[in-house]
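Following are the structures in question.
You will see chain A twice below: alongside chain B first, and alongside chain C after that.
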Partner chain A sequence: MIRTYILNKNHLSFWLRQLKSAHELIAPWRDASGDIVLTELSRMHETALDGPALMPSPKEFLLPQMEQLFCYSEEGIEEAVNKQGRVLFGIRPCDISAIKILDTFYLGKNKDVYYETRRNKTILVSIACNQPDPTCFCLGLGTGPFLKSGFDLQFTDLGDRFFVEAESENGMSLVKDFPHIFIEPKTVDGEDLYEARLASQSRFEKRVNLEQVRKSILAGKVNDAFWESVAVRCFECGGCVYNCPVCTCFNVIDRPASVDTGKRIRLWDTCMFKGFTRTAGGVVPAEAKIHRTKRWFHHKLLHWPEQFGVFGCVGCGRCAVSCPGSIDMATVALKIKGSDQAEEKNA
Partner chain B sequence: MDHRLPFHEVIPARKWQRKTDLGSFEYTYKAEITSIYGLTDYENLYRIRIIDHDDRKHFSFHPGQFIMLEAPGIGEAPFSISSSPSNHEDIELCIRTAGNLTAFLSRARRGMHVGLRGPFGTDFPMERMHNGDILLIAGGLGLAPLRAPIAHVQEHRSRFDHVDLVYGAKDPSRLLFKFQYDLWKKDNINLHIIMEKADPSWTGPVGLITKVLEEIINSRDDSFIDNTYAIVCGPPVMFKFVCGALSERGVPMQKMFVSLERRMHCGMGKCCRCNVGSTYTCLKGPVFDYWTVMNLKEAI
Partner chain C sequence: MVCLRCALCPMLRINSMATPNIYLPFKTSIRGVKEVAKDVKLFSIVVPDDFTYQAGQFVMVSVLGAGEVPISITSTPGVSRDLELCVRAVGHVSSALNSLTTSDGIWVRGPYGRPFPINGRQDTLFICGGIGIVPLRPLINQMMNTRAKTSKKATVTVMYGSRNPSEVLFLDEVAAWQDQGANVVLTVDTCQIESWKGCTGLVTEHFGKAKVNFKNSTAYICGPHVMIQGAMRDLSLMGMPDDHIITTLEAHMKCGVGKCGHCFCGGKLICEEGPVFSLEEIKKYNIKPGRDSLV
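Right, the complex of A and B next:
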């Protein structure tokens, strides 16, 4: 059941300060160079909630770029896990959707304990998007700009106040101690909320229907010549994978500190690199660039739906921001759709 | 039976090697290299024994499965097991020096400790092949995973009819498991070895593996089609030609089994390296029947 509240913006800093006393509070913050990044917040009034999609994505806090799995020494092996509870404040609805997808992947069959431990201690507080970026296309995927379920707490900016929705027990635990600032919403608040959502939906510049794209790929309408034209534009920088909130590939390496001590770490990897699939026999299954780019798009558009029933894409548009070759998900999807429609016209 | 049973479900909690509160993740066995035997200049045969007696008793695998072997500080990599499943004392691994970990292992000494996870993956369905002919085809290092099914055949020789082993290698200096050839022949396994490049010491046939295979196929009558199961292991190019030749003769694709090689880092379908389409080689493989492989795009 979703409970609703109103929080006056003046009370936000106070509430965040209260949260910080019991949790590790992660929130968007504008750094010296003007970029908005997710970081542990120290001065509450500095939280920046009006920026574009956060780079890097919040997956960093569930699946760190580099995480120590365990360290070993002569005495044995000891594992490192995060023990303190954590609140991710100010992330976007698309990020929450991405975390839900990560949950199905990591907490399904063969649980990943490192992820699970971290996830169980994380409370997700999202801010609905009133101003979607030009790169966003979550509307067509149902992963944003606001969510109907799946969050712990969802805030919607209504000018001078936030409309707060609490869905889970975890979310309730953050607001139930502050009945004096989380007040009952009035009818006018509901109307404002409706208007804000409607306005947000109308602001989307990109309309992408991935289901249509999936169907044309399955129907064999996308040939290798098309993927070749995508692949030649790929710089093999891996930016799309590292910034994607859904991409999960990792590498495991050992970092010895001395002869018999050291640690094993897990770090992000990307399927865009050639060495990613190199085998001992010297054969690289995905050697050509076309195979690697195709593999990435196919994984998100075909294999995720096949395995989990959802696309491996939430439409956050981070790949569009990071890709120097303009071959991000939306552009490629629109191209596939465009060439498909052109074909139908000719026929 | 679920062969992927995690360690903690078979071993009581007090036996865990690691100080941890992440119990369910823990199933690394502590093991020891008991002997190293040089097979060629590049490949060694390692005999590995799980140190704890109880763990050793519980560890069992099926032909075709693989394990993850780790050397702390160096890394972890998947290796197919090339010893008999009925040998509960030692596990034998035939390892070629190719990367970081294998280079380290090639310099290792007896008594060194390693970690062992597994077994992972699917196996060759040996029971299904009982009362049939078996055609084992190995190219190069492909003989390593085939040694486990061969051992099964040797132990249950009366349950199989014709058993042929076709083995292709680059040149005579790269032949693996030379000491086994006479034993295999003694167990009535027809051994056909072919070299890609011969040197003066070699008296056998020279050419590609399909040459020998065609001779075998042509020498048999039509009962060959109904009775034969094929197990194929080698470089990906070989699958196409070998399985193609067999299916041309009429052997059903479901009766050919291949073992795919992919890079792996976790063995539990998480690191996304070994997937062919949406199929994870570490979970649904490495052993596939040829029909499945043909339906996986870009598998071979």
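Right, the complex of A and C next:
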């Protein structure tokens, strides 16, 4: 059941300060160069909730760029599981949708204990997007700009106040001690919420239907010449994968400190790199760029739905921001759709 | 004396709470090492009694400090007391592994992967190329054992190709298979030794010597990519059903449990849904483990 409240914006800093006393509080913050990044917040009033999609995505707080799996010594190995409680404040609904996908992947078959421990200790507070970025296309996927479920707390900016929805016990735990600032909404608040959502939906510049694209690929309408035209534009920088909130691949390496001691760490890896599939014998199955780009799109558009029933994309548009070659998900999907429609017209 | 503390250590299990940590290997030791060819060593590894596996599966083996690699199990399930691994020094970790000696510590987790399917009492054909005999060896041994116990004997044909006579692995076992009634075809690419009694040339050139009804038997193939490719194509052309042509694929793997994504190929994770695949599956999912497609 979803409970609803109104929080006056003047009370936000106070509430965040209270959260910080019991949790590690991660929130968007504008750094010296003007970029908005997710980081541990020290001055509450500095949180920046008006920026574009956060780069990198909140994925790094559940699956860090680099994390220790265990350390080893002559005595054996000792696993390193993080047990700190955390609140992720100010992330986007698409990020929550992405975390739900990560949950099915990491907490399904063969549970990942590192992810699980972090996830269980993380409370997700999202802010509905009233101003989607030009790169956003979550609307067509149902992963944003606001969610009906899946969050712990969802905030919607109504000008001078937030409309707050609490879905889970974890979410409730953050508001239940402050009944004096989380007050009952009035009819006008509900109306404003409706207006804000409607306005947000009308602001989307990109309309992408991935289901249509999936069907085109399955129908064999997308040939290798098309993927080649995508691949030639790939810089092999890996930006799309590193910034993608759904991409999960990692590498595992040992970092010896001495002959007998050291640690095993895992770090983000990207399937866009040539060496990603290189075997010890030197064979590189996905040597040609076309295989790598095609595999990334196929994985997200065909194999995720096959395995988990959802696309491996939430429409956050981060790949569009990071890709220097303009071969992000939305652009490629629109191209596939465009060529498909052109074909139909000709026929 | 082997310390089983790490394998059975209550600390690790308790620390990881309800969810077992899929990335944690257990410590064990090497009971014996035998150099079976140049740069190829056969390790016998002590494992606890509850460590069970099937032919075709693999384990993740760590040399702490160097890294972790997937290695095919080559010991026969239920027969061998130790876990046997046959490793050629090729890369960083396999070279570190090959420098280990008897009673050295080693870290293992697994077994992982889908084992070889067994199609009833059909005639079987094994096609091995070089070190590709390693994952097939437990299955051949298993088949020979069951064959010895049954009265209505299905034929077992082992075709084994190597580069040269010095690289033929498990020669004594191959001879034993022959003694037990298997039809063995040994071949080498090049041979200057006159005493060599086998054939020369590629293994796929000798299908005529395999006395099997191709339409009604099962083939298990492992070897270099080109050999798998050629053998699969030829067997398919000779009328063997695609789902009876079975191979095991290699891939770069970092986790072995379907998480790291390195072995992802054609929508399948080779570690979890493989490494054993039939030609039918390879065609259906377009699995491409090497530079070129297999079909």
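Convention: the second predicted complex is superposed on the first by the 346 of 347 C-alpha atoms of A that agree within 3 Å, B and C clash if a C-alpha of one lies under 4 Å from a C-alpha of the other, contacts with A are read in each partner's own complex, and residues count from 1 in each chain.
Operating definition for what follows: contacts are C-beta pairs under 8 Å (C-beta built on N, C-alpha and C of every residue); 3 or more make two chains touch, one makes a residue touch a chain.
The structure displayed is predicted, hence computed values, not measured ones.
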Determine, for the superposed arrangement built on chain A, whether chain B and chain C clash or fit.
-> clash
In the overlay, answer first, second, both or neither for which of chain B and chain C A:278 touches.
-> both
Scan A:46 for contacts with chain B and chain C and give back first, second, both or neither.
-> neither
Touching A:287 in the superposition: chain B (first), chain C (second), both, neither?
-> second
Considering each complex separately, which residues of chain A are in contact with chain B in the first and with chain C in the second?
-> 70, 72, 76-79, 81, 105-106, 109-114, 117, 248-254, 256, 259, 262, 264, 269, 271, 276-281, 283, 285, 291, 298-299, 302-303, 306-307
Which of the residues in chain A come into contact with chain C in the complex?
-> 69-70, 72, 76-79, 81, 105-106, 109-114, 116-117, 248-254, 256, 259, 262, 264, 266, 269, 271, 276-281, 283-285, 287, 291, 295, 298-299, 302-303, 306-307
Touching chain B in the complex, chain A uses residues 70, 72, 76-79, 81, 105-106, 109-114, 117, 248-254, 256, 259-260, 262, 264, 269, 271, 276-283, 285-286, 291, 298-299, 302-304, 306-307
Chain A partner, complex, touching residues on chain C are 5-6, 9, 12, 15-17, 19-25, 27, 62, 64-69, 90-94, 107, 225, 250-252, 254-255, 257-265, 267, 272, 288-291
Counting only contacts in the complex, chain B reaches chain A at residues 17-22, 24-25, 72-77, 96, 98-99, 102, 140-141, 235-236, 261-263, 265-266, 268-278, 283, 298
